[in-house]
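See structure below.
When the chains are written out, they are named A, B, C, D, E and F in that same order, and each has its own residue count from 1.
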Amino acid sequence: MLHIVNKSPGERSTLASCLAHARPGHCVLLIEDAVYAATKGHAAGAQVAKALGGGVKVYVLTPDLEARARAGAVAEGVVQVDYRGFVDLVTQNPRVQSWL
Amino acid sequence: MKIGVMVNEGPYQHQSSDSAYLFCKAAIESGHQIERVFFYHDGVNNATKLTEPPQDDRNVVARWTKLAEEHGVDLVVCVAAALRRGIVEQNLAQGFRISGLGQLVESAIQSDRLVVFGD
Amino acid sequence: MDEAGTVKKFLFVNRKAPYGSVYALEGLEVVLISAAFDQDVGLAFLDDGVYQLAKGQNPKGIETKNFSPTYRALEGYDIEKLYVERESLEARGLTEGDLLVDVQVLGAAEMAALMDEMDVMISF
Amino acid sequence: MKIGVMVNEGPYQHQSSDSAYLFCKAAIESGHQIERVFFYHDGVNNATKLTEPPQDDRNVVARWTKLAEEHGVDLVVCVAAALRRGIVEQNLAQGFRISGLGQLVESAIQSDRLVVFGD
Amino acid sequence: MLHIVNKSPGERSTLASCLAHARPGHCVLLIEDAVYAATKGHAAGAQVAKALGGGVKVYVLTPDLEARARAGAVAEGVVQVDYRGFVDLVTQNPRVQSWL
Amino acid sequence: MDEAGTVKKFLFVNRKAPYGSVYALEGLEVVLISAAFDQDVGLAFLDDGVYQLAKGQNPKGIETKNFSPTYRALEGYDIEKLYVERESLEARGLTEGDLLVDVQVLGAAEMAALMDEMDVMISF
C-alpha cells in the first residue's frame, strides 16, 4: 500500500495520522510541504525514524525538496524519487491512499 | 496501467493542481494511461478560461487543456461543485467538460488506481 | 472492456470536521452517488472526521444547511458500513453515545488492517 | 469604530467567507462602520456572479452584494489575485469592484481595526 | 490584544502557535473548527487550561459551537460569545491578530 | 478625514511554507505595495514561515517561479525589519546561515512582545 502525505508536520497532523496507519512493508511518499518531514534536524525526525524502524519505507519527492532548498538535507533511510518514481510507486503498490 | 486522478483544489492557491499535472505527465511518459482527471471541490476552478496568470508564471488552465488535446485525457468537472463556485459552460476552458459525480465513481471502478490530490 | 460486473471495495475516508470546510458535505455527495454503482462501500471516520457524526448539530446561527441527517439516511441506500476510530473519539472526549448513527468502533490497528483490504480509498 | 475586513478564501470550500460576512453584519448592527471588505488570494472567488448554489443553501455571493447595496460597504477584489484565478469584469457580481493591493493597505491605515479571515 | 484562531487543534498547529504568543491579559477567540479546543475532554484541554491559568482570557463563538453540537460541552473558564460579542472583542482590544 | 500623515506599525506575519500554497508569494506582493505608503513595516517569520527564507530554492522541477530573490530586494524598498523566531528555526534543523537574507532572530517571548506593539497585523 502507498500512502501519500502532502502537508508539513509543522502545520498539520496528517503525517502523524498516516504513520499511525502505515503497516510494515507499506510505502509512504512525502510530497509538497510534507517533504520537510524527511529533512535532517526536523522535529518530526523521530516519527519518521520510528516508521522506518518498523519496516515502513519512506520516500520523498526530489523536485519538491529542490524547490524548498532541502535536497541536501535528506534524513538517513529516506529514499528520493522523481515524478517517474512517484508513478512507479503508484503502480507497484496495489492500493493508494492520500492523507488529506 | 490505467490511472484515474482526482483534483480537489483550485489553481495557484494550493500546489495540488500542479502536483496532479506533473504526475499525469510523468505517468503518460512512463507509458501509462490517464483516462480521466476528475475535478471536485475547489478543483473545479482549474476549468475557468478566464485566468490570466503573470507572464513569468505557469498557466495552470492552459496546461490541462494541452494535456487533454495531446493525450486525449478526459477532463471532467463536477457539475454540483461547479455550480456552487461559478464554473459554467460560459467560462469553461477548452478540453474540459461538465458532468456528474458518477464519472468519478466510474473512473475509480474502471481504473487500476485512483490517485487523489488535495489540500 | 466490460466493467459491468466489477465490484470494488470502496472506503471513503473522512478526516475533517464539518462546517469549517466543505469536504464533509461534498464528500457525502460522492458517497450517495456511489450507491448507484453497486459497489462494496464503506465509510471511515477518523481524526476530526468523527465530529461529522455528532448528534445535535444546529448550524442555524452560521446560516448554513444542516446536512447531518443525511448520515441517518445512508442505510436506505444500503450503505451500512460506518467505521469510527476509537482513538479519535477518545482524544476528543466523545463516546459512541454522542453519535447520531450506529457505527462500528475500531482501534487504529484495526482501521489500518481494514484499509489494507480496500481497492479504492477516497479522502476528504 | 471603522473596521476593515480581509477575506482570503473562496465561498463554500472554507468557512472564512461565511464568518467574515456574519462578522460584518454584526458589526454594522452594533453601530460600527465596515468601510471596505478586501478580497485576496482565493477570496476573489467570492466575486463571481456565475454561482448557482443549491436552493436550500445560502448564496454567499448574493449576500455580499446585498451588504454592499444596503450598507454602502466597498467590496474590493485584488486585481492580481483575480487575474490568476479568472475573476474579471465579465463575471464580476454587482457591488464588487476590481482594484489594486494598495486598497488593502489604505484600508488598514484608515480603519481602527483590520480583521483577517482565512484558512 | 485579540488573537483569533479558526482551525481545530486536531488538524493544525495554529492554536499552539497562538498560545505560545499570547501574553497575560490577552484575549483568544476560538471560531469555526477551533471551537473544539474549548470542549470538555478534548486532548487540547491542557493547553487551554494552561493559557487560562497564565492570565489569558479564552472566548468561544457560540454559533460555531452550536453548529457542531458542542455548545453543551464547553470547558470551564472559557466564555461563550455571539457575533456581537466577537465585534466587541475586536473593538475593545487595541490590536487584532488572526492566526492563519 | 485627512489620513495623509498617519504612520502605523505594520507586521506581516508569515507562518506558511512556500510553494505548497500561494500565501508566501501573494503575501510578499502585499509587502511590496505597502512600501509605497510610508508606513513602519516589519515582517515576522515563524513556524513553517521560516522556510520562505531558505537559501538555494530551486522550483524548476515543479515548474513554478522562484520568488525567493524578492526577499533580497526588500532592502531596496526600505523594508529592513525581518524578524525570525528562534524556536521555529530550531524545530526545523535550520540556522541563520541557512537563510538568504540578514534577519533579526527573536525568541518566542520577544516575538510576542513585538506583536504587542503593532497597529496592524496581517497573516498569510
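Throughout what follows, a contact is a pair of C-beta atoms (placed from the backbone, for glycine too) under 8 Å apart; a residue touches a chain by one contact, two chains touch by 3 or more.
As the structure is a computational prediction, the values presented were derived from the model and not from experiment.
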item: Shortest path length from chain A to chain D (each step joins two touching chains); value: 2
item: Mean-CA-position distance for chain F and chain C (Å); value: 40
item: Centroid distance [mean C-alpha coordinates] between chain F and chain D, Å; value: 25
item: Chain centre separation (chain C, chain D; CA means) in Å; value: 33
item: Contacts with two or more other chains, residues of chain D listed in rising order; value: 8, 12-13, 15, 19, 22, 41, 57, 80, 114, 116, 118
item: Junction residues of chain A - those touching two or more other chains; value: 6, 10-11, 13, 32-33, 63, 82, 95-96, 98, 100
item: Multi-chain contact residues (two or more partners), chain F; value: 16, 19-23, 47, 62, 64, 120, 123-124
item: Interchain contacts (touch definition) - all pairs; value: A-B, A-C, A-E, A-F, B-C, B-D, B-F, C-D, C-E, D-E, D-F, E-F
item: Chain B partner contacts - residues on chain D that touch it in the complex; value: 10-13, 41-42, 45, 48-54, 57, 61, 80, 83-88, 90-91
item: In the complex with chain D, residue positions of chain E that touch it; value: 4, 6, 31-33, 63, 82-84, 86-88, 90-91, 95-96, 98, 100
item: Residues on chain D engaged by chain E in the complex (per definition of touch); value: 1, 3, 8, 15-16, 19, 22-23, 25-27, 29-30, 32, 112-119
item: For the chain F and chain E complex, residues of the former touching the latter; value: 13, 15-16, 23, 46-47, 87, 108, 111-113, 115-116, 118-121, 123-124
item: List of chain A residues in touch with chain E within their complex; value: 10-13
